[in-house]
Amino acid sequence: QSLTDPASLAQCFVKATADTPMMAAKHKAGPYKIAFSNSLYGNNWRTEMLNIASAYVKQPDVAQHISSFKIFNSGNDVSQQISQIRSMILSGYDAIVVDAASPTGLDSVINQAVKQGIVVVAFDNTVGTLKAINVNEDQTEMGRQWAQFLVKQVPANKTILMVRGLAGATVDNDQVDGAKSVFKDHPDLKLVEVYGGWDVGTNQKVTADALATHHDIGGVWGTEGATGALQAILQVHAPLVPMTGESDNGFMMLATENKIPATVIGQSPALVAVAIRAAIATLSGQSLPQSANVPLTALTTDEMKPDVDYFPKLPGSFVTNISIPQCGVHIPVTDVVK
Amino acid sequence: MPDAVLRAENLTKRYGGITALEDVSLSLAAGEVLALLGANGAGKSTLVKLLSGNILPDGGSIAIGGEGRHLTSPRMAFEAGVATVHQELSLFGSLTVAQNVLIGREERGRFGHIREDASLRRTEALLAEIGVPDIAADARVGTLSLAQRQLVEIAKAMSFDPRVLILDEPTSALGLTDVHRLLTVVRGLRAKGRAIIFISHRMEEIEDIADSVTILRSGRKVGAFPRHSFTRERALELMLGETQQQLHAVPPPPAPPDSTPPILQVADLRLDGRLNGVSFDLRPGEVLGLAGLEGQGQKDMLFALFGLFRRGLRGDVIIRGQARRASRPLQAIAAGLAFIPDDRKNMGGFMFLPIAHNVTITILNRLRRFLFLDSRQEKAVVSALIRQLAIKCSSADAPLGSLSGGNQQKVIAAKWLAFERDIYLFCDPTRGVDAGARETIYATIRDLAAAGKGIILYSTDMVEFPILCSRVLVFRGGKIAGAVSGAEINEESILALSFRDTGTVAA
Amino acid sequence: MSKMRDRLGEHIGPLCCAIGVIAVVALYAAYQPAILSAFGIASLANASVTLALAALGQTVVLMTGALDLSIGSEISLVNCFAATFMGDGTTSIVLVVIASLLIGVLAGAINGVVVAYGRVAPLIATFCTSFVYAGISLTLRPQPGGSIPDSFANLLTGNWGLLPFSAVLLLLAVLVIWLPVFRSRLGRFILAYGDNPDSAFASGIPVRRVGMAAYMLAGLFAAIAGLFLAAETTSGDPSIGNVYTLNSLAAAVLGGVALTGGRGSMIGPILGAILLSIILNVLSVVGISAFWQDFIEGGILILVLGLAGIRLLRAQSWTSLLGRSQS
Amino acid sequence: MSATTDLQPGRSGPRLSAAVRRGALPWLILAVVYALCVIASADFLTWHTIRLQLIQAAFIGLVAIGETLAILIGHIDLSIPWTITLTGIFATNLYAAHPHEWVAFGAAIGIGVAVGLVNMLGVYVLRVNSLIWTLSINLMLQGLTLIYTNAAAPTTVVPPAAKFLALGMVGEIPMAAVLWAVCAVIVIGALRFTPFGRAVYAIGSNELVALVSGIRLGRVYAAVFITSGVMAALVGLLLSGYSSQAYLGMGDDYLLPPVAAVVIGGSRLAGGEGGYGGSIAGAMTVILLEAMLITLNVSQGEREIVFGAILLALAFLFLGRSRR
């Protein structure tokens, strides 16, 4: 079966580092009882992600492995999430999929779960404990690829505006570390960093502020919410410069419309499906890297196709990369937008 | 005077541009009751606040027991032996009597924990000592009547076992019996050698209790004499700065003829246990007094008429022939009623807002031109009323809270005079008001009556009934125990009715 | 008779919460009987204790008629500090615990100085200091991490038979801090000051020191909460406390504490905190979608507040009705 | 908290009349903060930069209209963030389905009025503390928005009028600022010169006295909370126009900054004193402070410390002091 086929698993789950150990669990006969402990909810990415989770487990080839699937939401409250996971341990789930409220805070409860023979897969906001399988997209690599795109496009001696995400978040630090590993080889480029909070409005505001004080901006290194940065540029009629961003529908629409050289790579909400797949594969006896990365797909402006890569009829806040073909995850857009 | 317990010299206090007190000196011996007299805003309370460490003087000195003191907080004053009952009560409604009385000086156990039982017993002993054993030491102060709270406040001051006790208008909220009780307590304290400063606007009380009298006017000391050389006329002259025309000489407004149809009819009004079937009529031009001992339903009667009870009121209120029983003030106002409350702080005025805005709050719609307020007309209305009631203020834009108590009371009256109504409910309108302002308010009531308004007057000061009312209803137990009218209105007849059932008539 | 009704009225908040807690736990147990096991009870207790501690701290400040919007940041601060500096040795643990408590008290003292001596309105003062404390946590630990020794973690989060250690911690906090304070003059002063600040001043109560003390106590409770979170998560996180600021207010109000000051108990906020904490859990267990959670949580709050309001509406006179919300 | 303040000493403070202090100091604070901005970056001298800040300030300022009124009657409105988000998403969705401007604006006003009425119900009729009631309503609105967006994702179709109001220019002046100025004149006029204004101050000073004086409390409460709801809803539309989309969480920055703007603007949190004039300066101060800190390019932690400390210093030095 394709879900647990070792070759296709190897294609999807790439070791994060060369020395990442492989992990296996005791084989169990399916179908499995799986719980999903989600933290934050209420932004677009999470909403799509929750819809994808519900849709994915209903796809026939997945459904056959699953006897019950339940979503728990704790909000951004670590204590709450710990107690929910404890209650999952009590309920005898076979696997727990986690999008964590804290990268370190859940470690001890996850260790407890693993000790009870439960397979734990964390994705997106992953966890520190080595007992859980972490599935993510390589944020450092993402930041690096964005930066590589920019250093090719931006003339020397210009300023690059880095519209970062949320201060203190691991993802933010990883992305910026990756970018800086590229920029440090280009000392002629000046860097200005602002925090856009991964939010369109905040991006727009901080970009507008930065544009007002820096007039030699030659490129914008943006992440989630870069739609706002682009809008700020359009709004103040600043020169259109090369940009990067995540797979926001709005960003892609504006970039294609204004023919702005841009590249998008995005944290996919379908990671949840990949994580569920990892749980099923592990339970059925396959071994996976303890920390796995899903291959990235970058799209540049000239490659973006309407209604395939982006959706002119959908809201700008829609996160477009709802499928991860390398992992066999295909989610129809109608399952995500109801 | 080597035996002075308290000696204040050249005390001065300024508030911004206003000099509230200037160069005032006084001294007080053990076993002496010093009465402080003065019109509203003369600076009595300011002096009290200085002596009790609530405010700091801008000049002058205070010595207690011969020792110079710089009182920077109330606590220092307590420690120096000065306890004060302020004009505005300072109690905690959600604490019990005992917890209030002993606040900060509770009986404590080995671990510093409060011993509630011992505190309760100490409070009970204190209450018994000052002669009010009927107040339960474990009752919540929020449930007590105003008079009872006043007595609790005195117990609280007494619990310090002070050398000097200051009472700032302790009787203004009390009915006759409670006043007598309080004066007895004061006499007892004097006998024990306490020095007492006593403030009141009621001359009878001063004559009754004072050993010496000090008179303030506009922040200055204008006279001091021993009891035996004190006369009312002299005091009034010094207080008010002009020879007063003969007070009380004006007869009460005549009763309207019986044929006049009543403007207000109350029939069998009831409110769970507080009003037990009250019926009466009020005619235009009549001043109807509500008398009786404290808490017999007179005040509830006024509150009920003005719609301050939201539920539970039964019976009929008929105004100009229409049923107008109100369950909210707006309905009462629409029916033509005005209400001048006694509790000016909580019900009377907006302390932070300008005097002018206080006065015109009831007539905003009249002052409106299209959408906006006509400020010229507003100014005219306000300054006319300030003049009419002789309100002492620096300007109409000053906040109400910066006026002395009596002047605040006048502003509240002004607010309803601006808004002409048919029936005026006066609830102890002269509480804490000086003799001059009192005359102004009396004159105002008479004028209203002459203009054909119906007036109901509740007062704790029995002197007011004979000089203002053509008829007085005496309340007892939420019912009308009887009525007196015309020349029969006097303290004796009212008290007789107040006490009729028990047959005892207090002095 | 009416006295009894008065008493009942006073305890209506805690009473409603208690009934709510029982109902919610019963619902939980119906869906998942294992919750009544030792492990399950410890889960419930651990999930509620942080909020209960935060709510106790908030209640002390509410009783003075003020409020503390910095409780969450104080929790984060202590949490980050402990996770950064706590080593494996017993001495290190003891020293860091003491230092953490002192940091909480100090943060509270700063709030107290600003409010009581600086005369800045509590809402705005603690709003500002919350930024300062959050900034310090973020500087201390730009990203979550650090470590907490297992011995300390187990000490606070384990269980002894059916008795969770977290519940013992809460009990200790009540016995060692709350009860002594509210059996002493300080507690009386706090209530008196909240009831009527002007009277308190005129009665010779050291009003500023009382205001300070209330915030310091709040800081102390927040510090204990921060330490407990550190033990529970064995790490420090600069944003971990954020949820507790408003939830502590909600828990206190649910528990019948008046925001106008002068009234409040300890049992009410604790019950309110337990109710708020496990309700979310139960919603998930019962299978209610995430999208409905906020709505239902808000709805419950509004229902409880509204019910209390309807009780008030039966007030007989306007003076008591408007007097109450005034103060 | 009523009038016995004269019992307490020790409030010497600057020897300025209260009115002058409340009226002028917010602008002084603004001037100081602006000077700091200019020191941080000379770009703050350009009209271009100022214009950008002005647009941001207009959003806070418009929301602060309702907040000022709520604070003047002695309450607070913390239901603004999700009123903004719900309106942004719901009204643009509706507009996408029925592309008439009045549909979007009508829906926004409808939501604003509804939220205002619910707030009035809790705060006035049920007499629940406004802080906790409006916060709970905010939570419910958040839930409502999530439930709604799960069923219908937000669109990118934004009414042009909203875009114009948020981004358009009248000559060199942003349309948002013009709208703000118009609303400000109306509010200041209403507060100073109409019976409604008097009633607002009266209720904030002492509700019982207002009742006894025949003020229609319910109407004033309704007007205040409905204004607040409608202004929040309007800003929700404007923000959608500004970002060309409505999205979840778009109102999150509008919980406490409007309150800060009102307090820096010199209104007393307990009600009865202050006005909207100061809130204008307050809104600009809050926005400039944020912009300045962004310009300084310091770490997030340090920025939060500095922001909190400066705001505290402003509150401490001049205004927002409690009467206690």
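In order of appearance the chains are A, B, C and D, and numbering begins at 1 in each one.
The criterion applied here is as follows: a residue touches a chain if its C-beta (ideal position, glycine included) is under 8 Å from a C-beta of that chain, and two chains touch if they have at least 3 such contacts.
Keep in mind the model is a prediction, meaning the values are calculated, not measured.
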Third chains touching both chain C and chain B: D
Each chain counted as touching chain A and chain D at once: C
Dominant interface by contact count, named by its two chains: C-D
Centroid-based (C-alpha) most distant chain relative to chain C: B
Inter-chain centre distance, chain C versus chain D - centres from mean C-alpha coordinates, in Å: 29
Centre-of-Cα separation between chain C and chain A, whole angstrom: 35
Between chain D and chain B, distance of the C-alpha-averaged centres to the nearest whole Å: 43
Centroid distance [mean C-alpha coordinates] between chain B and chain A, Å: 73
Multi-chain contact residues (two or more partners), chain A: 41-42, 167-168
Sequence positions of chain B contacting 2 or more other chains: 54, 86, 88, 90, 308, 328-329, 346-347
Sequence positions of chain C contacting 2 or more other chains: 138, 142, 198, 201-202, 238, 289-291, 293-294, 318-319, 321, 323
Touch relationships between chains, expressed as pairs: A-C, A-D, B-C, B-D, C-D
Parts of chain A lying in touch with chain D, wherever the complex brings them together: 41-44, 47, 51, 167-168, 192-195, 199-202, 204-206, 208-210, 212-213, 227-228, 231, 235-236, 249-250, 253, 314-318, 337-338
Of all residues in chain D, those that touch chain B in their complex: 2-10, 189, 193-195, 198-199, 201-202, 205-206, 208-216, 272-273
Contact set on chain B toward chain D in their complex: 49, 54-56, 86, 88, 90, 306, 308, 328-330, 333, 339, 341, 345-353, 357, 360-362, 364-365, 367-368, 371-373, 375, 400-402, 415, 419
Chain C residues within the chain D interface of the complex: 65, 67, 114-115, 118-125, 127-132, 134-140, 142, 197-198, 201-202, 238, 246, 249-250, 253, 259-260, 289-299, 301-302, 305-306, 308-310, 312-313, 318-319, 321-327
Residues on chain D engaged by chain A in the complex (per definition of touch): 41, 43, 46, 48-49, 52, 56, 142, 146, 149-156, 167, 239, 242-250, 252-253, 291, 294-295, 297, 299-301
